[in-house]
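So, here's a batch of structures to check.
After this come two complexes, each holding chain A, first together with chain B and then together with chain C.
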Partner chain A sequence: MVERYLAPTTLDEALKALAAGDATIVAGGTDVMPQSQAGRFKLGRTLVNIRRVAGLQGGAKEGDEIRLGALTTISQLREDAFIAKTLPVLAEAADHFASVQIRNMGTLGGNIGNASPAGDTLVPLLVLDAVVELRSAKGMRRLRLDEFFTGPGKTKRTPDELITNIFVPAPKPGFVARFAKFGTRPALDISAVSVGIAGIVKDGKISNVRVAYGAVAPTPVRGRAAEAALEGKTLDAATLAAAAKAAQGEVKPISDRRATAWYRREMIHNLVKKVLADVAHG
Partner chain B sequence: MSLTVEIRFTLNGSPTRAAVPPGLTALAMLRDIVGLTGTKYGCGEGECGACTILVDGLSVNSCLMFAVECDGRAITTVEGLAADPANDRLRDAFVEEGGVQCGFCTPGMIVQSKYLLSQHPHPSHEQIRRGLEGNLCRCTGYKKIIEAVAKAAEGTP
Partner chain C sequence: MTVVAKSSLIGKRIPKMDAPEKAAGKTRYVQDINLPGQLIGKILRTDRVHARIVSIDTAAAKALPGVYAVLTAADIPKRGLGVNKDNPPLKGDKVRTIRDEIAAVAAETEEIALEALKLIKVVYEDLPILADPRQSTQPGAPVIQDAKPDNIAMTFDYAHGDVAQGEKESDVVVESEFYLHYVTHCCMGVSGIIADFEPTSGNLTLYSNTQVPFLHKREFSEVLGMDPGRIRIIQPPIGGGFGSKLDIYPFEPIAVYLAKAARRPVKLVFTREEEFLASPTRQPALCRLRSGAKKDGTLTFRAVDILLDNGGYTSWGATIPFVMMQTFSSLYRVPHCLFHTKAVYSNNPYAGSFRGYGNLQATFTVEQHMDMLAEKLGLDPLAIRMKNAQESGEVTGQGMVFTSCGFKECLTTAASRSDFARKFTDYAQQQSKPGNKKRGIGLAAMIHVGGGAKIYPSDGCGTILKMDDFGHVTIMTGASEIGQGSETVLAQLVCEELGLPLDAVSVVNNDTEVTPWDVGVHASRTTFIAGNSAIGAARKAKDKILNAAAKVTNMTADQLEMRGGFVVRAADGEMVMPLPKLLRSLHFSDKAELVMTTHYYEPSSVHQDKKFMGNVSATYAWAAQICEIEVDTDTGIVTLEKVTAAHDVGRVLNRMGLEGQIEGGIVMGQGYALTEDLMVRQGKVLNPGFRDYKLVTAPEIPEMDISFIESMDGEGPQGAKGVGEAPAICMAAAIANAIHNATGVRLTRLPFSPENVYRALVTAKGGVVE
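Then we have the complex of A and B:
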């Protein structure tokens, strides 16, 4: 039962509210609201609406990193000129995310906090080598995104911590990252599977390869076998086929109402090929 | 005793106050507390768009929004759009093109179309389709709605 509602405007106030305990963080509310209405998510005694906290919006270059504020909306990821130029893979993922109305409300921090294996920003962020910045009244720490998720809806975040920013290394020359998701219809569909691939493409060869998959495991995951099949290779038909096979072999999806395990493995195979072709074309 | 929060916001241009439980949706507040029933409850989970409203000019699903989050914001519902003659062209286009059948999706469609036209005053058919991707209609087959929005955009400066 909610006994208190807070809408802090500064980070300090927000962290103090979380330090007091039994608080539910609400950003866009697009996960919290339906999950709490359906009884799948119990609201804490205090509802902390972080939407008005200053300084957690948008993207900017800071040194050799790019900072993305946790309150950046999915619409902003899709339309922001700086993001389109520096991290187009995030704009690509945002373009296929839910609907206009949900993109206007939903946030990057909420997508990470919700920790769905199908979260559409998570696969691109994994291939971008993202790091999550967490703050609490006690201090700040950074965790690599590929070590942050521990299960569906579960992360290493402690209840008094707020996701404040996401950092990704500023892309080096030749860096390419692409993403594709597969669902049963274009809009308002949770990914049945998704694939992200990044690397530095030079003279037709790819290096520093990152592969990640969505909706094939309890969390979004890196595809180490596909990465190994690609590292240092020329992006020709044989490499594409080998990487797609490696991907198909390493994922362990489940069957649910969105797709069977067999179908998901087939789709991973085909999506890896498609995304690699996109990467090869820049 | 259950907690309510006092909020103040602008509703269709008028200063408004309401006392709302923190877990309440903006949709339930509009319909059950304020008494504006133009905004519809279709699915209650963000899938259908029948509950679309504008918040500080951005379209959102009011069924996914906490009522308390309206505090300090400018909310526009279909009633607010209907009261403004600037929107007559949009309404007339829906009527003339056959974009309304049972009418249940219409308030959400109109509000979302208004938002779409604010983003793209001269939208292509593809932009209209993408702009309305979060709004379901059981009756029209969408074609007439798309034509209605295209017609409303015609002659717009």
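Then we have the complex of A and C:
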């Protein structure tokens, strides 16, 4: 039962509220509300609405990193001029994310905190080599995103920690990153599978390759086999075919009401090929 | 001289009379109504698919403060609901489907009611599950309803001619098995009811979402064992019906029993999840069809064998063969037709009526076979249809009589407006070209009742019309408004007769104590039947008025007319007197008379005989729809790009309302074909919510080109026909034909979800699927 509702305006207040224990963080509430209503998510005694906490919005370049505030909304990912220019792959993900209403409320931090294997910003963030910044009353730590998720809805975040920022390396020349989501509707659909691919393309060859998949495992995952099939290769038909096969072979999805495992593997194969073809043709 | 110009509302674009309130969010639905002292009713539903109930312990629930009544089957009379009377409101002996009602609670608040449900302890003994209707009639299959040990809920047989003879005359024959899946209505407003007993008299008032108030009254009186004269049904505006509110369902008598036990009004409204689980579905069907034709395309015969999954209980779904057979027997001229259907019990959800009433299913099969026959014969899809299409004057093997028939015009209009012939050839040639995006175009046509359907001995509707002293008209009609725009059309028709503006009319259509009998909103019948009834009442009023006017002028009644709120000279429109003045002179005179009329309209159709022969409707609606699609062969996603529709509507009455009906129906048909799928596995519903039950959303709605063919039906109100169901009917068939045109692959199982399409494409290429 919820006994207290807090809406702190500073980070310190927010962290103090969390330190007191048995608190549920609410950002946009687009996961918290429907999940708790459906009985799939137990609310703590204190609800901490972090929406008014200052300084956690939007993106900026800091040194050789890009900082994205946890309260950046999905709509902002799509519309913010700086983000669209520096990290267009996030705009691409936001463009197929939920509906306009949900995008206006839902946040990047919430998408990470919810830790769904189908979370649509997670796959692009993985290929961007994202790092999560966590703060608590005790201090601050940074965790690599590809080591952050431990299962569906589960992360290494401790209950007193707040996701404050996400950092990604500032893109180098030749850097490309793409995201493709497969759902049955153009929008307002949970991904049945999704694929992200990033790398540096120079003279037709791709290096520093990152591949990630959504909705094929208990967490969003990196595609190490596909990465190996691509690293340093020319993006020709043979490479595309090999990478797609590697991807199809390395994912171990389940069958559920959204798709069978077989179909998910087929879609991973076809999406990887499609995204790579897009990258190859600029 | 003051001339009053003639004006007409017929064919104009008129916003629905109830639109402003709805658009503003001010309409008061049953959800918004609260009676003093009202309790909240909640139903405990089983989580078992098939089980014997060993015991139900309600003691703890009854003891919970704030709980006023807890009921189980033991507390209420043992009477079943539905078409076979096999559905007791509360189940006592065993549960047969996942949503079965086993106990109910009335409590001060929703929270308390839900808490009480949790305190009810049920002990079950699981029984073997019958999930596949093909197993229902196998030896040793579990018996679902003791009264029907063979598990057969209902059968329908129809024949004309001799199919063996037809087969002999055929140059080509095609045979296929089609499967049509579960979908559900997804009304924006969930089901709900308020039951209120007058404390001393015991008279019962129901605030109900029903689309059939007068039949409902009778059903309630039977199940409650109550004099129907003491039951009053008030229908608040409803958030969608589409056929889902055509039967009485357990929650309704449950609310009444709770109100009786608690001696307080009880309101019972579904959650969205309940709406998915416990409201009826569209009838799923497994259909084997065999069709033949001669070299020149002339159809020779059709043999149909259909298995319907009846689920655990029998609602209207089991009776859809009644409509299906019309498409098999009479959409085209077919000399020989044999039709057999069997609805069998299982432990799956049960189906009710749903816009189109079996015709989406029948048309899906027939219209794919037309394309398959055409392909075998080297004919194009339009040619084979034109060759066999019905025309005015035809009497079909089933005895259906086609007076006005714009079928051929629908076909040629849709074909020419969509450039069908050229595109069909082009796309077929591009099938084998490289590339993962394939375009296709597909045609399907339909017939549906357009002048009511005499499935009961009467298909009539009554109207009471009264005029006040100010020239204002109130139409009291038996016909319910369920969002289809009937109020507006009835008002228009009355305005046309009485020469009044729309704002001089109000419509009362929601109270069985006031409105005269009507059989209910179904079979696309309201505009036609209630329209003719309203016109009849208006004409009687007009006679009365003009006769009275004749007496005070030196003219005869037929030299007079009503226009713009005046009595005028028919010849030149010269104003004779304002209508209100005439009405008052009638009212406040020695003879003291009010202008009040009644009319009961019964269409000329007949109640079919035991062999289903006879002209069931006063007229028929026709349509052709052409879908243009793109198939992504890498994913199986089918994108509906454009729909070209041509509908024989008799005559356009309210153009805006008509467009709304057609557009909405197209989207409903699109969802049926492409995205909607109520997933039922081993009797369980896997997706009872909008996250995974996928309705078409705004970005997927295709471009539409809609033409109206005005065949001016002789019996229709101002020449109009009913078209409420028509637009959803062709879509799945047209999309199937378009997918074939795009890919060369024939899909006979719905839905055409990406995975299903992808699997079919891989299989067709000889690939392996898991």
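Here is the rule we go by: the second predicted complex is superposed on the first by the 281 of 282 C-alpha atoms of A that agree within 3 Å, B and C clash if a C-alpha of one lies under 4 Å from a C-alpha of the other, contacts with A are read in each partner's own complex, and residues count from 1 in each chain.
Following the convention adopted for this analysis, a contact is a pair of C-beta atoms (placed from the backbone, for glycine too) under 8 Å apart; a residue touches a chain by one contact, two chains touch by 3 or more.
Just so you know, these numbers come straight off a predicted model, no measurement behind them.
Colleague: Which partner chains sit in contact with A:Leu188 here, chain B, chain C, both or neither? Use first/second/both/neither.
Modeller: Both chain B and chain C are touched by A:Leu188.
Colleague: Regarding the shared-chain residue A:Arg4, is it in contact with chain B (first), chain C (second), both, or neither?
Modeller: first
Colleague: Per the contact definition in the header, classify A:Asn270: touching chain B only (first), chain C only (second), both, or neither.
Modeller: In the superposition, A:Asn270 contacts chain C only.
Colleague: Between chain B and chain C, point out the one touching more chain A residues.
Modeller: Of chain B and chain C, B contacts more residues of chain A.
Colleague: With both complexes overlaid on chain A, does A:Arg257 touch chain B (first), chain C (second), both or neither?
Modeller: A:Arg257 sits against chain C, while chain B stays out of touch.
Colleague: Jot down the residues of chain A that show up as touching in both complexes, chain B in one and chain C in the other.
Modeller: After superposing on chain A, chain A residues 99, 186-188 contact both chain B and chain C.
Colleague: In the complex, go through chain A and note every residue touching chain B.
Modeller: Interface residues on chain A, with respect to chain B: 1-5, 7, 26, 28-30, 33-34, 36-38, 43, 47, 49, 51, 75, 98-102, 104-105, 186-188.
Colleague: Would you tell me which residues of chain A are touching chain C in their complex?
Modeller: Residue positions touching the partner: 99, 182, 184-190, 257-263, 266-267, 270, 273-274.
Colleague: What part of chain B is in contact with chain A in the complex they form?
Modeller: Chain B residues touching chain A: 2-3, 5, 21-23, 25, 44-47, 49, 52, 58-61, 63-66, 68-69, 71, 112, 115-116, 130-131, 133-135.
Colleague: Which of the residues in chain C end up touching chain A in this complex?
Modeller: 634-635, 637, 675, 679, 686-687, 691-692, 694, 697, 699-700, 753-755, 758-759, 762, 769-770
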